[in-house]
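Across the two complexes that follow, subunit A remains constant while its partner is subunit B and subsequently subunit C.
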Partner chain A sequence: MSKKTLTIALMDPPYESENLTTAFRILDVAARRGYNINVFAYEGASGLAFVRQSPHPNPVHGKDVAEENHPTTKDQVAALLAEAEKNGGKVDWVNCGMCVDERGVNEFVPGTRRGSPADFHTFIEASDNVLVIPTK
Partner chain B sequence: MAHYLLIESRDPFESNDVGYYYDLAKGLVEGGNQVTLFLAQNGVLSARPSAQSAVLGALARSGVTVLADDFSLQERGIAKLAEGVAAASIDVVVDHLAAGYKTLWH
Partner chain C sequence: MARKTLNIVESAYRAVMEEQDDTILWLLAAMQGAGAEHTVVLRGNAVNYAVAGQGVPGLTVGEWKQTQAPKMDRDVLDLIEKRKIPVYVVTEDLSDRGIERGELVPGVQLLSRTALPRLFAEYALVAHW
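Entry: the complex of A and B
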């Protein structure tokens, strides 16, 4: 099978919706297959790759940071990029510029970049298929 | 004939929009298209034998391939599936995307 290029648009912010769990599962499968992946992180999803996210302890349960092992979306983004590279694919992860400015989240995981809806249009034209995952 | 993948993530007990999405699947099949309905997240709640599951059986009989995300089923403790519904891995979504199915998320 020839290498495919898939584009996925995300809109949900970190830590709010199960949509992101499913989205990362889909992205993980594509990365393991070595597909080229384009992600347009729009609206709240522009915070997924915000590099200043940090895991927290859970004092209510008496757990420190390591014991709590709280996942961050920035680590999930970084893991996606690494998995794709390991399998010969590449990820072009674009964070909507106006969205990150509005939210003050314009410091990104290395390997992701700032962009605009014009990038999404370019992605669509260059992809074998597109999946848009909207907010509810 | 076009090929469609419709992903339903919403709980049919919470959102009446789900019924319209099922209608879309039925209409597309009746229009001569090939349709897969993939239930995910709370969308799988209708896959448990219940008051909401008869419509899935009807969709399957009409020619819609009805699949339920195995991860979402496991999370919700759903082991027995309604008539016409089969469990499937998330790989199915990537398979359909790679094959060029027109893919919608609800």
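Entry: the complex of A and C
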């Protein structure tokens, strides 16, 4: 059976909804199965791979940085790329160029790249299936 | 003396996995530490925050694992017991969802929708989150 290719379009910014947690759960399974994965990170989601995210302590929880182990989406993106590679798949993670410019988040996790809606079109044409997770 | 604020929390489970808590309950706890005087009313889907024993596995992406997944019942208890923030739950919203009083963490107070306006009058500020 040929290797499956899955495209997911994301719109939500980090730390604003549960949509991204759902998306990463799906992406994780796809990576573990060695699928080829395309991600079009659009609008707020263009900040997911912003490399200057940093974890913080949580005084309300009474935890320092290490204890709180606060999630950053850049770490999740990097882990996704590594997991796919380990299982023989690849991830083409495209950060919408205009979206990152207007947000000032144009420094990416290595292995992700700047792109445009044309990339999303190309992804759709080349995929076995496409999942759009929009902002509501 | 701080202005008393009534906080009606309705938006629920929004980004709790990424933040490892609810952003509004966290904000109120932090403000209380700075001298604010808050009360919380959980309504709508947020009444589920008061259900004891809830939890969720942390997110896993490849080798990356979340180790501090949110526990909303723990955070509600923290507001009540440690921060001394009164927490009310709207009874009709519990009933709509089939949640019994015995399922709730100790210390939450039940409040009918019809009693809300009287509660509003006791506060200088009412915030609907």
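Convention: the second predicted complex is superposed on the first by the 135 of 136 C-alpha atoms of A that agree within 3 Å, B and C clash if a C-alpha of one lies under 4 Å from a C-alpha of the other, contacts with A are read in each partner's own complex, and residues count from 1 in each chain.
Here is the rule we go by: a residue touches a chain if its C-beta (ideal position, glycine included) is under 8 Å from a C-beta of that chain, and two chains touch if they have at least 3 such contacts.
Please read all numbers here as calculations on a predicted model, not as lab measurements.
Once the two complexes are overlaid through subunit A, subunit B and subunit C fit side by side, free of any clash as defined at the top of the document. Put simply, more of the residues of subunit A are touched by C, taking subunit B and subunit C as the two choices.
When the two structures are aligned on the shared chain, A:Gly34 is found in touch with neither subunit B nor subunit C.
Contacts of A:Glu68 after superposition on the shared chain: subunit C is touched, whereas subunit B is not.
By the touch criterion defined above, A:Gly97 lies against neither subunit B nor subunit C after alignment on the C-alpha atoms of chain A.
Seen from the CA centre of subunit A, the centres of subunit B and subunit C span an angle of about 60°, rounded to a multiple of 10. In the superposed pair of complexes, A:Gly111 makes contact with neither subunit B nor subunit C.
In the superposition on chain A, A:Pro14 makes contact with subunit C only, not with subunit B. Touch criterion not met for A:Pro57: it reaches neither subunit B nor subunit C.
In the superposition on chain A, A:Ala82 makes contact with subunit C only, not with subunit B. When the shared chain is aligned, subunit B and subunit C each come close enough to touch A:Arg25. Of all Cα pairs linking subunit B with subunit C in the superposition, the shortest spans 5 Å. Counting contacts as defined above, subunit A residues 18, 25 meet subunit B in one complex and subunit C in the other.
The part of subunit A that touches subunit B in the complex is made up of residues 1, 4, 6, 18-19, 22, 25-26, 29-30, 33, 35, 128-134, 136.
Interface of subunit A with subunit C (complex): residues 14-18, 20-21, 24-25, 27-28, 31-32, 58-61, 63, 67-71, 73, 75-76, 78-80, 82-83, 86. Every residue of subunit B that touches subunit A in the complex is listed here, in rising order: 9-10, 40-42, 69, 71-72, 90-91, 93-94, 97-98, 100-101, 103, 105. Interface of subunit C with subunit A (complex): residues 13-21, 26, 29-30, 33, 59-64, 66-68.
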